[in-house]
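Next come two complexes built around chain A: one with chain B, the other with chain C.
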Partner chain A sequence: MEATVKKPKKLKLKTARRDQYKRYTRSKAGNFFYTLFLLIMGLYSILPMFYTIITSFKPLDELLVFPPRFFVIRPTTSNYSVLPSLLDNLSVPLSKYIFNSLFVSIVTTILHVIVASMAAFVLSKTNIKFKGLIFAIVQFSLLYNAYTLEVPRYLIYSGLHMIDTYWIYILPNIPASMGVFLMKQFMDANVPDPLIEAARIDGASTVRTFWQIVMPVVKPAWLTLSLFEFVGMWTVTPTGTIFSENLKTLPYAASTIVAGGLTRQGAAMAVAVIMMIPPIIVYLVSQRSVTQTMSSSGIK
Partner chain B sequence: MDATLKEPKKVKAPKKKRIRGIESKKSMYGRMFILPWCIGMLLFFIIPLFQSLIYSFSTVWVEPGLMETELSGLENYKFILNEDPNYTNNLWSAIQSFFRNMPIIIIVSLILAIVLNQKYPGRMIFRSVFFVPVIVATGVVMELLTKNLNGVDAIITLTTETENVYSEGTGGMDFTVVLQSLNFPEEITKTMSGLITNIFNTLWSCGIPIILFLAGLQTIPEQLYEASTVEGATKWEEFWYITLPMLSQTLLLVIIFTMIDLLTQNTNPVIQQAYTLMSAQSVYDQSAAMLWLFFGIIGLGVGIVIFLYTKILLKKWN
Partner chain C sequence: MENTSNMSDLALRIKRNSKKEKRKQNLTYYIMLAPFLILFIIFTVAPVISSVVLSFFDYDAVSAPKFIGLDNYMRMFLEDDIFPKALSNTMVFAIITGPIGFFLAFMLAWMVNEFGPTTRTILSFLFYSPTLAGNIYFVWQILFSGDSYGYINSLLISVGLITEPVQWLKDPSYALTIIIIVQLWLSLGVSFLANISGLQSANPELYEAGAIDGIKNRWHELWYITIPSMKSIIMFSVVMQIQGAFSVSAVPIALCGFPSVNYSTETIVTLITDVGGTRYEMGYAAAISVVLFILMALTKELLGKLVDLAGR
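Let's turn to the complex of A and B:
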């Protein structure tokens, strides 16, 4: 601890320095490299996003400068205000696409998290027969890219009369196996069996055990899962299964704008920025809880 | 699968009558809980999967309104392996790039997760710096970021170039030259410089592993570290004897996730080839065979990894 008091001034975060020093290295050099590593990686990771945001505020003449400049000199919001008019020929207002995307993403995320957690609970904490087989199917199905199933799935969609409805977005994505896999792993690791036993002895029903004991304990896991699922659904673009303009989502509208070419570059960047906002909001909401410790699991 | 769902009733039934009330109620709840998922899985995964497996062993042609199939044995597989000029090359390059990226992603994301897991002011901002690009850079936005706009190279390349301009201005260095001057074998030089140019993709692939590692790290009780500090363990020992063993489940999860993520991306050459064949030329049988062979290999690989991991590493750590 004494050593932590005197620190090189080069490092950026004063307290970060102290904690890292305390926890991970006992040398100034190690400490320095940790911070440096973090800074360089962070910079590389975030740069393209900043570039997109900055570019979305560039007026046309600055967009066409070669070599491209990183910063904007005369910022303008015209790239945003021009968006609604760009979609005029599509007969549906921009807000409808945004609504569709939000609706589909939120509904699917909620349903997927509930269905996957329930299945994971059964697989993790009960002795249902064929448990092993079902979990083997879960793991096996993780391997499959959606392309493999596209054609046979289409036949099923049309058999269920799902073509050209909201269902096409929602239903096939609910039983995705990644959720079950993730939730089961976390329940195995973080929900001790004695906790379930105790709940049963106290007379809690299975439903109540699930909702009031298991789910709060694995909250970080399902919040993370909902983040993944939301992001996945937010960018979903069905091919050949949605024909009504009314039911199409924002990524579709975005790709129409992007296809506009050279002069639409600013608008394309503006749409990209709009596309970024909801995932970031979901991220902020979910990560706030994820960072809370999972130590409240009752037994430890 | 139907049988799977109904079977448990039979199992519970022969039990003695007096406990049947509670037990059967419980098992009923068990089945109710897993039922929605099973139905969905059956409809949207298992049936289509078998259908496509059948396609891969058949000749498929489309008649107006329906698809005709006729079993043809291993014909499709023989064709893609022996006669298709690109398939084996694509397969090979997919596997190579997998082996190049996998270890880097796991190691980098583990280090970043450990560093990010520290308690310091502004760590939310630091974490966000790594996650936000990952969660926003999917689908259309990713396309936009990499798309060839303005007749110039992709925006990512532009940013890299601007970066390089800055670093050259401040006496920065060209990594490839540095590596070559160090007399490493050519293969390593190539891999390293490939990694540096692909740094965005690599870093973005680290996002989800970092989240998983962080969630895992948060479950390690603080007392373990306190105890080891009292015992006089070094940080290095703490990492190998506490952090890593406690993360063993998470690590397996991350390894499997990364394998699958790397190999089933839509940009994968094998998947690209099969998809083009399927969507542009409506060749459903050969494309199904291509995908099935590829996924068979991945499945085998994942199986071997899980087996080795649970048999060797987990035993050692527990």
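Let's turn to the complex of A and C:
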């Protein structure tokens, strides 16, 4: 009796869910402050990026004008066209720096996400010994000052003969604690234990359960983690561990341009804008797939 | 009779098989954990342990370390004039930027999540742009520059609010505030995006059940459904905020110089950078790091208890 009453009610709510943001209405004043708050916060966040982009199109006289003007009046691309000549004195072609940056960022991101996800799966969904202890160490290691670790790390790098090789970029960044922490928290919150149990009863192997059941459910998490890791790796500049010019990455080449003083300010801004492009592309791709997974998946 | 013996035989076989299976399964688990665990021990655990050990030594990175017991710690609390200043600045930054950063990241994610996919992607882009743009906090230095070329000074002079340029980054009474503004700007991204992903992975059935159970408004929904179902992601965000808020250093160094005028924006981490990087007193730098770690770990434990209480 009760069940028959309940059914239509639930259906109605499901349609309401489709436009969830309209379910509970706000007052007009509430709406106004809500929009205002988002607007102010958005402006505050984007301002430096916006300023960098605008300034990269300013001609020299507008860069030095008094009083300073925020917007550009006569936009020019000369700050960009001058870049190749500024890079002439580098002993290695620019393409090598670009290759190095893309190579270490992509390889490290992929390895980090896979290694961290596997470890997070074991720590979140199994009963192996010491998993509580391991996870506690992972969390607390995030709180230890990274700068102080540079000397012991340097000794380890040199002991493993990693100095001045690509390994310096890749190996130490694979076990970054944040990845395991993020993935485990998402698996705890969004992968119900009965789902794992059901997969096991159906005869799925552990690896298959991880790869085909758990990973699709936490896709927003690993896409976001890929973004974090790529953005982090893209701007990484090792200190005292890379000496060969042909192993250096793009931020290094960029810093040689930026070090040119006030007249180079426009060129420095142009470099900053170019450096933003790959992270922005990765952001757009990853966030688009997050949205698509959410709207297409029926697993929830 | 025969039937029962067959049954127990079967049960025994299943039991034996499951035991064997279990061992095989455990092996798979260890293999999956191994790549992380091995690299983590080499590149994180071992350096942390050696750093803690080093904090009891006098070590200049050149000559052999000399054991000096608790001298580094005694020196920090009893002799060092700058440490108390760095500690109090760090606490001010942590107490202000930590909670504000956390609440901003959560509330913005919650608000943005209610929009459709396109608006959501655009708004998320705005809030994540500080991280995407790389280390462009030097832009804030141009905006707050102390001469009349600085945008803020120029704007305030033209409006008539001030007549002479203000030394925003040199005057201690402004410098702390400006660093808090820039630090908040910088730290918003990671927590914001983690929260957004968490909100989007939330189970819709929970909200349906909540509506049936008599959730009346959005605040009820937030408190009784959203927050409890996101506790583990909130905990992630809390830890990342602690990490950021207690480690403020790159922003004051870039904006206010190193060391800053009268140490007005000196923090524990800028002190560590100074002691370790400029003066090569590695043992002392390690001791300061240990104290900072204890401070952060206690904060994490305390906030973990608070997060547990939410939604009850």
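Assume the second predicted complex is superposed on the first by the 264 of 300 C-alpha atoms of A that agree within 3 Å, B and C clash if a C-alpha of one lies under 4 Å from a C-alpha of the other, contacts with A are read in each partner's own complex, and residues count from 1 in each chain.
What we mean here is this: a contact is a pair of C-beta atoms (placed from the backbone, for glycine too) under 8 Å apart; a residue touches a chain by one contact, two chains touch by 3 or more.
Note that the coordinates shown come from a computational prediction; the quantities given were computed from them, not determined experimentally.
S.K.: Will chain C clash with chain B on chain A after the two structures are superposed, or do they fit?
M.R.: Partners clash after overlay.
S.K.: Name the contact category of A:D193: first (chain B only), second (chain C only), both, or neither.
M.R.: A:D193: touches no partner chain.
S.K.: In the superposed arrangement, which partner chain does A:D202 touch: chain B (first), chain C (second), both, or neither?
M.R.: So A:D202 meets neither chain B nor chain C here.
S.K.: Classify the contacts of A:L133 with the two partner chains as first (chain B alone), second (chain C alone), both, or neither.
M.R.: First partner only, chain B.
S.K.: Applying the document's definition of touch, where does A:S255 land relative to chain B and chain C: first, second, both, or neither?
M.R.: first
S.K.: Touch test for A:A119: chain B only (first), chain C only (second), both, or neither?
M.R.: Both partners, chain B and chain C.
S.K.: Please state which segment of chain C collides with chain B in the superposed model; the candidates are 112-120, 166-174 or 256-264.
M.R.: Clashes occur only in 112-120.
S.K.: Taking the stated contact definition, name every residue in chain A that is touched by chain B in one complex and by chain C in the other, in rising order.
M.R.: The overlap between the chain B and chain C interfaces on chain A comprises residues 13, 16, 20, 23-24, 26, 34, 37-38, 41-42, 44-49, 51-52, 66-68, 70, 115-116, 118-119, 121-123, 126, 128, 134, 137, 139-145, 147-149, 151-153, 155-156, 160, 171-172, 174-175, 177, 180-182, 185-186, 188-190, 205-207, 210, 220-221, 224, 227-228, 231, 234-235, 251, 272, 275-276, 279-280, 283-284, 287, 290-291, 294-295, 300.
S.K.: Mind pulling up the chain B residues that touch chain A in the complex?
M.R.: Listed in rising order, the residues are 4, 7-8, 11, 26-27, 29-31, 33-34, 36-41, 43-49, 51-52, 55, 67, 108, 111-112, 114-116, 118-124, 126-133, 135-141, 143-145, 147, 149-152, 155-156, 158-159, 161-163, 165, 199-200, 203-204, 208, 211-212, 214-216, 218-219, 221, 225, 234-235, 249-250, 253, 256, 260, 264, 266, 271, 274-275, 278-279, 284, 288, 291-292, 295, 298-299, 302, 306.
S.K.: Once bound in the complex, which stretches of chain A touch chain B?
M.R.: Checking each residue of chain A against chain B gives 13, 15-16, 18-20, 23-26, 34, 37-38, 41-42, 44-49, 51-52, 55, 63-64, 66-68, 70, 115-116, 118-119, 121-123, 126, 128-130, 133-134, 137, 139-145, 147-153, 155-156, 160, 171-172, 174-175, 177, 180-182, 185-186, 188-190, 205-207, 210, 220-221, 224, 227-228, 231-232, 234-237, 239, 251, 254-255, 258, 262, 265, 268-269, 271-272, 275-276, 279-280, 283-284, 287, 290-291, 293-295, 300.
S.K.: Quick check: in the complex, which residue numbers of chain C touch chain A?
M.R.: So the residues of chain C in touch with chain A come to 25-26, 28-30, 32-33, 35-37, 39-40, 42-48, 50-51, 54, 61, 104, 108, 111-112, 114-117, 120-121, 123-137, 139-140, 142-143, 148-151, 154, 157-158, 185, 188, 190, 193-194, 197-198, 200-205, 207-208, 211-212, 217-218, 221, 229-233, 235-236, 239-240, 242-243, 246-247, 249, 269, 272-273, 276-277, 282, 285-286, 289, 292-293, 296-297, 300.
S.K.: Going by the contact rule set out above, which residues of chain A touch chain C in the complex?
M.R.: Of all residues in chain A, those touching chain C are 9-10, 13-14, 16-17, 20-21, 23-24, 26, 34, 37-38, 41-42, 44-49, 51-52, 66-68, 70, 115-116, 118-119, 121-123, 126, 128, 134, 137-145, 147-149, 151-153, 155-156, 160, 171-172, 174-175, 177-178, 180-182, 184-186, 188-190, 205-207, 210, 217-218, 220-221, 223-224, 227-228, 231, 234-235, 251, 272, 275-276, 279-280, 283-284, 287-288, 290-291, 294-295, 300.
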